[in-house]
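Take a look at the structures below.
Presented sequentially are two complexes of chain A, the first with chain B as partner and the second with chain C.
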Partner chain A sequence: MQAKIRDLIITNLLAIVLGIVSSGIMLLFLGENPVSAFTILITSVVRDVYTFADIFVKATPLMFTALSFAFTYKANLYNIGAQGQFYIGAIIAVASSLYLQDILPGWLALLITLILTLLGSGLWGGFIGFVKARYNSNEFLISMMSTYVALAIMNYLLRTFLMETKAEYPQTDALANSVWLPRIIPGTRLHVGFILALLSCIGVWVLLYKTPLGYRIRAVGYNARAAKMSGIDAKKLYILAFCISGALAGAAGFTEVNGVQHMLVQGFNPDIGAAGIGIAILANGNPIGIIFASILFGALKVGGTIMGQMSAIPSSIIELMQGFVMVFVILAYFVRSWLENNREKRKLQKAVV
Partner chain B sequence: METAFFELRGISKYFAKVVANKDVSFSIRRGEVLALLGENGAGKSTVMKILYGLYRADEGQIFKDGKEVKIQSPKDAMKLGISMIQQHFSLVPAHTVTENIILGNVGGVIDQKLYQEEIKKLAGVYGFNVNPNDYVRDLEVGVQQKVEILKALYQKASLLIMDEPTAVLTPQEAQNLMEFIRNFAAQGNAVIFITHKLKEVMSVADRIIVMRAGKVCGDVKRSETNEVELSKLMIGKDLEQVRRDELKAKPAQKPRLIIEKVTLEEQTGVPALKNISLAVGQGEILGIAGVSGNGQQELCEIICGAQFPSSGRILLDGEDITNKDIRARIEAGIGYVPADRSRDGMVMEMSIAENMLLKSSFDKKWQNRGFIDQRKLNAYTQEQIKEYSIKTPSTEAMVRGLSGGNQQKVILAREVDNGEKVIIFDQPTRGLDLGAVNHIHKVILKERAKGKSIVLVSTELSEIFALSDKIAVLYKGEIQGIFEPAELTTEKIGLLMAGFKIGEVREDAS
Partner chain C sequence: MVNLLSRTIMMGTPLLFGALAEVIAERAGTMVTAIEGIFLIGAWAGFVGSFLSGSLTIGFLTAILSGILVAALYGWICIYLKQHQVVTGTAINILAVGLCAFLYRVIFGVPITPLTVNPLPTIPIPLLSKIPIIGEILFEQNILTYIIYLLAPLAYFLLYKTSLGLTVRSAGENPEAVDVAGINVYLVRFLTVLLAGAMGGVAGAFYSIGFLGMFATNIIGGRGWIAFAICFLGNWNPKGAVAGTLAFGFAEAIAIYMQSIGANSFFPNELFIAIPYIMTIVLTISRKSFNVPAKLGIPYVKENY
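So, the complex of A and B:
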C-alpha cells in the first residue's frame, strides 16, 4: 500500500514535469526561451492575491464539469454533454436571477436560482439517460448532440427574450449586486461558488462510496449483468445518474453567471466541458483527485493568460501544455500498473526460490 | 534409452500474482498417451500453452527428438506437429466444416470440392461421422469437437494436446473420444490430455503426470498406480468423501417450489424450455442432469426471475410468483448461485464486503441513516470469511484477486443467506479443486437439512448422484423424466442425456 501511494505521487509529479518540459521544447521551436517563459508563468500567478485567487475562480467550474463526467463514468456511461448542461444551467441561472432580483431579498433569490438551475439542468441531463434506458440509444452521441441543441437555445434566447435592454449585443443585462455570489476574499474574484464546488466533490465521493445508491451505480458500471441478476434496475439508475451528472454541470453555469460574469454572454467558456472530461480522466474519476487536477488546470489557465499578455508567446501554448500533461498522466497510469505487476512478480520469485 | 518425442526441461512461468509453473520437467514418447492431472489452478493449462506457443516461459527449455526448439507462437508449434484443442473451441459457427478446417491453411482460389473430398476421406479413416458441408453452428458439441480434431489431423499433427476434452460430452461421446485417442497414439503419434477426472485417466493414459501448485509432483505409469494414490498426489492429503447417507432421508415434504407447464420461447420463436413441470419439496434436493446448453441456464433464470416464461406458472409456497421480478424474488427468499460467476454473480472490481452487499443493497439491515453501515457489513463479511474459510488478506480485498474456489465461496456465503427458502445451484463446483468441491457439497447438504428446497444443476453425474433426492434429466429444453437416484444407472442416464426416450432406454437397459 505504501509503495502504491509513493508510485502515485512520484509518477504524477513526473508526468507534470514531463508535460512542462515537452511544451518547453515546443517553445524552443518558436524561438523563445522556455526557462524565462516558465519563470513568467510561475511568478505571474503568485505575484498578487488577486491573480492567485483567480486560480481557484477558474478551477470552480472545472470541478463541476469534471464531476459531471466522472459521475456517469462510474456507471460506465459517457456524458460528454457537460458543455450543453452547463449552458442550460447558465440560462436558467441568469433568467431566474433577473426575474427574482427585484422581488426577493438577494439570499433567497440566490437559493431559488440554485435550486431551479439544478432541477433544470438535471432534467436536461436526465433526458439523455431516459432515451438510453427507454430506446437503448447511444448516450455518447445523444449527450454530444444535446450540446448543440443547448447552444442553439442559448443563442435564440439571447437574441429574443433574454437580450439586453440596449438590444445591441447577444447578451443579457447585468445582474443586480444583490444576486452576486458573495466574495470570500475581499479584493479578489473568489466567490462562495468555490466552496460549493469543494463540497460537491466531497458530496459526490460520499454518494458514490458510502451510500447504497452510489454503490448500486458503481455495481451497474462494473458489471451490469451481475447487477441485474441481483435485482438492481439499471435503467432507473441510468436516468438518475444522468440527472445528477446534468445538475453538476448545470451548477457550473450558476457559479459562473452569479459568481463571475454577472451576466450571460453568448458562447462564453466554450471549452469548459472538454476540459472537464480531461480533468476527470486525469483524476481517474476520483472526486477528490478532481479537486487537485482542477486547481492545476486553473493555475495553467491563469498563468497562460498572463504569459500571453506579458510576452510574445501565444497563450495557446498553455493548451499545448495541458495536453502534454494529460497524455503523460494517462501514461503514468499504465506505468504504475506495470511497476505494481513487476513488484508482485519479484516478490513471488523471491518467495518460491 | 529411446529419445523422447518431446521433452520439457525446467519450465517456469510467473504471472503477476501467481507462480503458474515452477521447474516443470517431463517428456513424452511416440505412441504414448499422457494425462496431465491436477486440480484447477495447478498449472496444467499454462504449461501446455507454453508448449503450444501461446505463452512464453520465463525459464526452461523444450526439446523435440533431443534437439532444442524455440516455440514463440502457435505457428511455430504447428510446424513442429503440435496441435492443441482448447477447452472452448475455436471454430467459426457461420462457416462449414470444410471452411473451418482449411481456415489458415490455404491460399489463392479455394477448390471447395477437392478439400471436401480430402476431409471426407480423413474423417473416414478415423471413423468420424462428420459431413464436410454442414455448418458448424448446426452441429452438436460432440461433433464440433470432432471438427476440431479433424482440423488438427488435417495439419498433420503428431502431438495432440487436449484441454479437458470430455467436459462437454455425454458419457457415450466420451467413450468414443477415448477410443480415438488410443487409436491415434497407436499410429506412432502422441496425445497429452489435461484433466482433473481420475476415471478418464485410469481408462486411457499410459503415463500420468500429476501437478500441484505449479510443480510436477508425480510421474507414474498407469499400470503401477490406482485412483486413490493419484488423488492423494493431486491434493496432497486424503480425500474426505461426502457421505450422502449421513443425512437420513426424510419423508416426502409438501412441495415448496412448483413449476407448472413452463415454456420459454426465445426471440427466434424456438422454445428454450418446453412444457416443464417440476416440484421441489422442503428439505429436498432436485438434481437437474444434462449436457450443458440444454436449457439449464434458462431454467435457473426462470426460477430466479431473470426471464419470464412465455406460458406456465411458478409457485412458491402456494403463492404465484410468475410475474415477480428478480428483486421481489430475492426478497421472497430465492437464492441463486449462477454457473458463470464472474458474469452473473459478482463484481470483480469490488471488495468481498461489497460483493456481500450486492443482492441486499436495498435492505435496511445494511443501512445506517441512509449510509452503508460499513462496520456491520465488515463484521458480517469477516464472519462469513471464517465460516467458509475463504482465503483472503482482508474483507477489503478485491474479489478479482481471489482464486476461483474462494470466489465461489463468497457467492455461496451470500446466496445461502439470501435463499431462505429456495437455493438454485448452477454448476456450483465447475472448475473447482477437490477440496473446494467437498466443502461446497457439505454446504448444500447442510442447507437441505435446514429444510430449504434446493435445485442443483450439474453436468457432473457423480455430483448429481451423490447429492440429489430426485433427478430430472433435461434434453433440448425438455424434461426426459424425473427419477429416484436408485432407478438410474450411469449408462441409463447417459442415454437419457443424449436424447433417448424413456421407453427406448428401458429396452436397452433390460
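So, the complex of A and C:
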C-alpha cells in the first residue's frame, strides 16, 4: 500500500512537470523564452492576494465537475456531460435568483435557488441514468449529446425570456447584491462557494467510502454481475448515481452564477466539463485528490490568463498545458501498473525461492 | 427540395467518412473516442496546408497525415499501453483544441480579417448529372462525395466478403483466436485505428476546406461525436452507417435551410441546431438490439506464462 501511494505521487508529479515542460517547448515556436514565461506564470499568481485567491475561485467549479465525473466513474459509468449539467444548473440558478431576489430575503432566496439548481440539474443528469437503466442505452453517448442540447436551450433562453432588459447582448440582468454568495476574504473574489465545494469533496468521499450506498456503487463499478448476484439493484443505482452526478455539476453553475459572474453570459466557461474529467483522472477518481488537482488546474488557469495579458503568449496555452498534462497522467497510469506488476513478480519469485 | 437533398448528401459526406472510420476501428475492437480531436486536427491541418501551399490536394494530404499522427498517439496509448479509451480520447480532444488554437496563432498571428481559401469546387459528372432530379442531387457534388460513394461499398465488401475483413472483425470478436492463428492482434487494431485517423482527418478537412474555406476552433462542434454516434446507431455496419448518415445529413441540411429562409421568427434557431443531437438521443434510446463487437473497448492482453 505504501509503495502504491509513493508511486502515485511520484508518477503524477512527474506527469504534471512533463506536461508543463512540453507546452513550454511549444512556446519556442512563438520565439518566446519558456523559462521567463513560466517565471511570469509562477510569480504572477502570488503577486497579490486578489490573484492568489482567484486560484481558489477558479478551482471551485472545477471541483464540482470533477466530482461529477468521478462519482459515476466509481460505478463504471461515464458521465461526460458535466458541461451540459453545469449549463442547466446555471440557467436555473440565474432564473431563480432573478425571480426570488425581489420577494424574499437574500439568504432564503439563495437557499431555495441552491435547492432548485440541485434538483433541476439532478433530474437532467438522472435522465441519462434512467435511460441507461431502463433501455440499456449508451450513457456515454447520451451524456455527450445532452451537452449540446443544454447549450442550445441556454442560448435560446438568453435570447428570449432571460435576456437583459436593455436587450443588447445575449446575457441576463445582473443579480441584486442580496443574492450574491458572501465573500470569504474582503477585496478578493473568493466566495463561500469554495467552502461548499470543499465540503462536497469531503461529503462525496464519505458517501463513497463510508456508507452502504457508496459501497454498493463501488461494488457495481468493480463487477456489475457479481453485485447483481448478491442482491444489489444496479438499475436503481445507475439512476441515483447519475442524479447525484448531475446535481454536483449543476452546483458549479450555482457557484459561478451567484458567486462570480452575478449574471449569465452566453458561452461562459466552455471547458470546465472537460477540465473536470482531466482533474478526476489526475486524482484517480479520489474526491480528496480532486481538491488538490482542482487547485493546480485553477492555478494554471489564472497564471495562463495573466501570461496572456503580460506577454505575446496566447491564452490557448492553458488548454495546451491541460491537454499535455492529461496525456502524461494517462501514461503515468501505465507506468504505475508496470511498476506494480514488477513488484508482484519479485514477490512471487521470492516466495518460490 | 432538390436543393435540400443535395445539401443532405453534401453535409453527410464528412459524417460518413467519420462513421466508416469508426465502424472499421470498432469492428476490430477499438472505440476511437479521439474522433472529435481528429476531426479538429484534420480541419486545422487541411486549412494550414492548403493556405500555405495554395493547393487543396496538399491540404487534404496534410489533413490525412496529421489525422494519422493523432490516431497513432491514441492507438499507442489505448492498444499497446492498454489504457482506458474514453479517458484517453477526452485527453486527446482537449489537447487537440489547445494545439489547433495555439499553432494557428503561431503560424498566422492574429489576422484582422478571417483568412480564407477557395473551397472544393463542385464537379458535375457528365451525363449522370443530366438525369432529372437525381442527377442534381447525387452528381453535382464535390470530389470527396464521389469518393465516399465508392468507399462505402468498398468498406462493406472488405469487412464482410474478404479474409482481411474476417481478420479485422475477429480482432474485435475473439482476439484470442486471431492470436492463435498467428496474427498480431495489436497490429491489426493499431492499423485500423490509423486508417480511422486518416479518414477522420479527411472528414475534418471537409469542414474547413471542403465548403467553408476557413478555420475556427469551434468548426467541428461535436460533429465527430455525431459520426461516433452514427456508428453505434448503424449497428457497426457500413450499411447502417450510410442510413444513419443520410438521416443526420438531412437534419443538418434542414437546420441550415430553415435559418436561410428566416423560419426562426416562429421557430427558434437553436431548436434546429439541436435537432441532430436530440435525434441521436432519441435513436440511442429507442434502438433495441445491438450487434456490438464482443470485445469493443476492451484492451487485448496476451497471456505470457
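To be clear about the criterion, the second predicted complex is superposed on the first by the 345 of 353 C-alpha atoms of A that agree within 3 Å, B and C clash if a C-alpha of one lies under 4 Å from a C-alpha of the other, contacts with A are read in each partner's own complex, and residues count from 1 in each chain.
Please note the rule applied: a residue touches a chain if its C-beta (ideal position, glycine included) is under 8 Å from a C-beta of that chain, and two chains touch if they have at least 3 such contacts.
In this text the structure is predicted, and so the values were computed from the model without any measurement.
**Q** Considering only the touch criterion stated at the top, classify A:I277 as touching first (chain B), second (chain C), both, or neither.
**A** After superposition on chain A, A:I277 lies in contact with chain C alone.
**Q** Of the two partner chains, chain B (first) and chain C (second), which one does A:Q322 touch, if any: first, second, both, or neither?
**A** A:Q322: touches chain C, not chain B.
**Q** May I ask you to name which of chain B and chain C touches more residues of chain A?
**A** Tallying touched residues of chain A, the top partner is C.
**Q** Could you look at A:K345 and tell me whether it touches chain B, chain C, both or neither (first, second, both, neither)?
**A** So A:K345 only meets chain B here.
**Q** Tell me which partner A:G231 touches in the superposition: chain B (first), chain C (second), both or neither.
**A** After superposing on A, A:G231 lies in contact with chain B but is clear of chain C.
**Q** After superposition on the shared chain, which partner residues are touched by A:N223: those of chain B (first), chain C (second), both, or neither?
**A** So A:N223 only meets chain B here.
**Q** Identify the partner contact of A:A299: answer first if only chain B is touched, second if only chain C is, both if each is, neither if none is.
**A** neither
**Q** Can you list the chain C residues touching chain A in their complex?
**A** 73, 77, 81-84, 86-88, 90-99, 101-103, 105-106, 217, 221-222, 225, 228-229, 232, 268-271, 273-274, 277-278, 280-281, 284-288
**Q** Which of the residues in chain B end up touching chain A in this complex?
**A** Within the complex, chain B touches chain A at residues 14-19, 22, 304-306, 325-330, 336, 338, 343-350, 354, 357-359, 361-362, 366-367, 370-372, 374.
**Q** Going by the contact rule set out above, which residues of chain A touch chain C in the complex?
**A** 26, 29-30, 78, 80, 131, 135, 137-138, 140-142, 144-146, 148-149, 152-153, 155-156, 159-160, 271, 274-275, 277-278, 281, 314, 316-324, 326-327, 329-331, 333-334
**Q** Note which residues of chain A are touching chain B in the complex, please.
**A** It is residues 206, 210-212, 215-216, 218-219, 222-223, 225-233, 340-341, 344-345, 348-349, 352 of chain A that touch chain B.
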